[in-house]
């Protein structure tokens, strides 16, 4: 479970509930089924229309990714793993690492190490893994843009709902007492749109971006490591290069 | 038929109708012919002015693309096709694939394979197909930007229409009872602009982008495959490279 | 005459006139000389300040470009021209094309062909034409951004004008009957700003962009053609490469 | 003096004064010292916080750049200068140009020519000048973004000021006659923010960008010229290359 | 202490206090605990959800960076340092600089110089430091985008809070006297959102960007210097290259 995503969802929505409670008009004033249908339904339909079936089917999976710990190995850990595998291979040959690889979680790192076991040449290792990374990147970016677009669509549907409500209200101003409540209801779709955009789509989009960056960095280190091992570079050189990455992640004159 | 585009259009507009119905002012309150003319007509004229005749003539074709299944071959399928053609060529020579190629649907893949039959050299295959891909990309981007611009123009024309209506209303406040309905009508152009931008242009623009990405990926795989076959690479190598792409599309630590 | 630009201007402004007519307040309600001065004058001054004299002097020329057919040769035509010149040169030598070149309209294509007549080496042809293209691109982008900025400035000046009008109105609420008309006038600057941004600057900016893209593509084909002829490539190869471009412009699995 | 910047400032602000005069509420209605302090002061403090001391100290210098003619040599002139120096060097040797260089105004061109006098090798000339150009570009972009950010900050501070004014007004609605003037004052900060953003920061930002582009082009021509002279290319070749640039600046099928 | 950041915070917030004081409604009218909770709390939760734990833990550190002088060595100083180390190494050998390096503050420059002491080859020095720089850049950009996103989230939460307040007010218009104060409170969340976005997140984001640029430039000079020393280039050449950078930072035809 990715705690920060969970905290944000629970905390964010609890705050909204608190704000409504403190507003004193009661929760009922904020729930209007037609408004819910227009904004949530409208956003769903626009998103369905904007993307293709193969990507839409990954929608719940993307939610899962945002709410779960990334399987990508942290920088510090993957560096240690690569150095260990490199040392092991120098000592006992490349076949000796096969049983350990089977236990790795990150599928990209696993494939990188399996290419070594298969005795693949350094340049082939690099080109294969780069191609794979590029296609992974394409797929991730589609999912990230799905949530980005969703935020925009929710805002637009919210505004359309408010305009529909305002027109209905303005067309019939006979009963002055009804104006306030009618306008209150009209504003609800804009509120729903803003909340979907900020507290759902906005969080998931950014969290997926962060996890994408983390996975890209981890995968690039895996590629560099696999290529260095396949090129039979000296353990000392491998360590030095990987440690430069490690130190960059831990310190700097700035943040 | 691209089901998701159809679902979005039918569902999205049905939701708007539902919202209007539930609003209780009747459909009549939401239909104002002058407003329709200003926003739809204005958006059409701006779009006509922004693009050139040769691109405008593809407008309905672009709609067709968004509403139809892409002819681009899915990643998994094109990889199998390339491996089959490569195997066939190794066994029976390059001429043996000619009859099968004639039955291919994707024109880019067809041309890539035809270059092999013509005995074109690997580097010529690559440069020819890259040039073709680049020109296809230019044309696609023009169509995508046409729908992107259309959304913006619809919003701007909607706002202009509302301002024209407000000025008319404000210039003559003598009859207080007329203010509400007059303002309701003034808001209709903004509503129309938002709906065109979200439920028409917004959907088509993004769907064309998705199909463009799918076609680019499929075409790039076709290029890689054709170049590998033309270079007489080993079937094992071709399989390994293409399978790296395939696995990247099916799994990853992230979504 | 570029018909689409003309249709957009005539049709767009006619629609606005129609909307005003249908609004029933009369054209007089939409014309306020001080508002015209502030928005049109303000936009002009801001644009003058943002650019340099040498670029501002091209302002009316840019209008002319948007309203006239591009002199750039269409893809299909330039390809035929290049193949014809290449064939002519193979048959009768490079000097034989000189009289025909003198009749070409597109100055870039003309220069490309003249370099062949002068017997310039392929790499010099390429570097000369690339440098020229780059400088043309710089100049075009400045003009495109001039109209882009103009749209933004018109919107900002319109808003400033409305605020000035609102402040005047609010400072003196003594006569309730004057509030409506005063606010109507205040809104006129925002309307003018939106119309300049959409129906003038927005159209010209996008049309210049389209013509720029068309000219860039045509010029790049001219460069490729000239380099291939200067390198004395075989007519068959030249045809094959240029036809790949041609087919890409005419078909694809997408729009 | 850069006349267009001056015309824009004088003309733009005169138009605003005219608009206020024609509005009839008197200049006094548009001047509110606290509002001036909040918007101008707030924008100043935000800008100070966003940038570093070394860049802030160039603020008035950047104003000077926007209001003065660029020292960068126009394309046509720098090309003639380079051809003259190249011819002079061929005739009388590299030392002969030293006295003339001392009289050049553009420091970048001066340094480029001085490297020739020092007998620097072509590749060193290129790498030295490229490094210098890159660092100049960094510095320019910081200044341009300072004015870009300033426009945004002015708008945000204007909005904050209006909200502060509205809250004060709404908290005390006891005296209806005070509502109008109070709201008028509240709107002044938004007006000030829009005017700073459009008629000050917006003009300076774009003018600096234009002068930056002009200087970059002029410097790149200086580099190309210096490298060609250092490589002892033939005068004919130098002329041909530089004239390609010149013709690109003077004509094209588009604007 | 970075004085400009401090001046901006103290001065900016003092101005807001002054504006409130001059508004005459008293500070009490601007403080509403529920509004504070919604906007500050909501922004915090959204930010927590958008980023990962490892980056969130650097949040206060990033504040510290914005408020403290950068440890990155100024361009002029680092160039002198490099020339001194280069001269020292030529005279007394590479080991002679080891004690001085231990006293350097900038960790990147320190590591670059230590690689020289270790006798690392020029290309290894370059690739190691480039990798390190790239990873530093990734980390910086994450922190910069955290403050950028925060500004946007604060605005969105402010708008949501205002909508919640408006709905509560509109649902109960029975007491006309309560409308003004209720609306005043509703507007407070928008005000808070704008102030967080401008006077906190907006300042920190831009200041971190500036310090990032400064550190990148300083680090790139350190890399160039270290590589030149490791390649045993002549002191004269090293000086000339570094001085080109120095002169670019001090003068130019533009700002």
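Couple of notes before you dig in:
Here the chain labels run A, B, C, D and E in written order, and each chain numbers its own residues starting at 1.
Methods note: a contact is a pair of C-beta atoms (placed from the backbone, for glycine too) under 8 Å apart; a residue touches a chain by one contact, two chains touch by 3 or more.
Just so you know, these numbers come straight off a predicted model, no measurement behind them.
Shared contact partners of subunit C and subunit D are absent; no chain touches both. Graph distance from subunit B to subunit D, where chains that touch are one step apart, equals 2. Different-residue interface: subunit A and subunit B share under half of the residue numbers found at their contact.
With centres taken as mean Cα positions, subunit E sits 24 Å from subunit A. We define each chain's centre as the mean of its Cα atoms; on that basis subunit C and subunit E are separated by 40 Å.
Contact with two or more other chains is made by residues 70, 211 of subunit A. Chain contacts here close into one cycle, and each chain has exactly two touching partners. Only residues 34, 37-38, 41-42, 45-46, 48-56, 58, 61-62, 64-65, 70-72, 105-108, 111, 124, 127-129, 131-136, 138-140, 142-143, 149, 153, 156-157, 159-161, 163-168, 170-173, 208, 211-212, 215 of subunit B touch subunit C when the two sit together in their complex.
Of all the residues in subunit E, the ones that touch subunit D in their complex are 2-5, 7-9, 11-12, 15-16, 18-20, 22-25, 29-30, 70, 74-75, 177, 179-181, 183-184, 187-188, 190-191, 194-195, 197-199, 202-203, 206-207, 210-211, 213-214, 217, 237, 240-241, 244-245, 247-249, 251-255.
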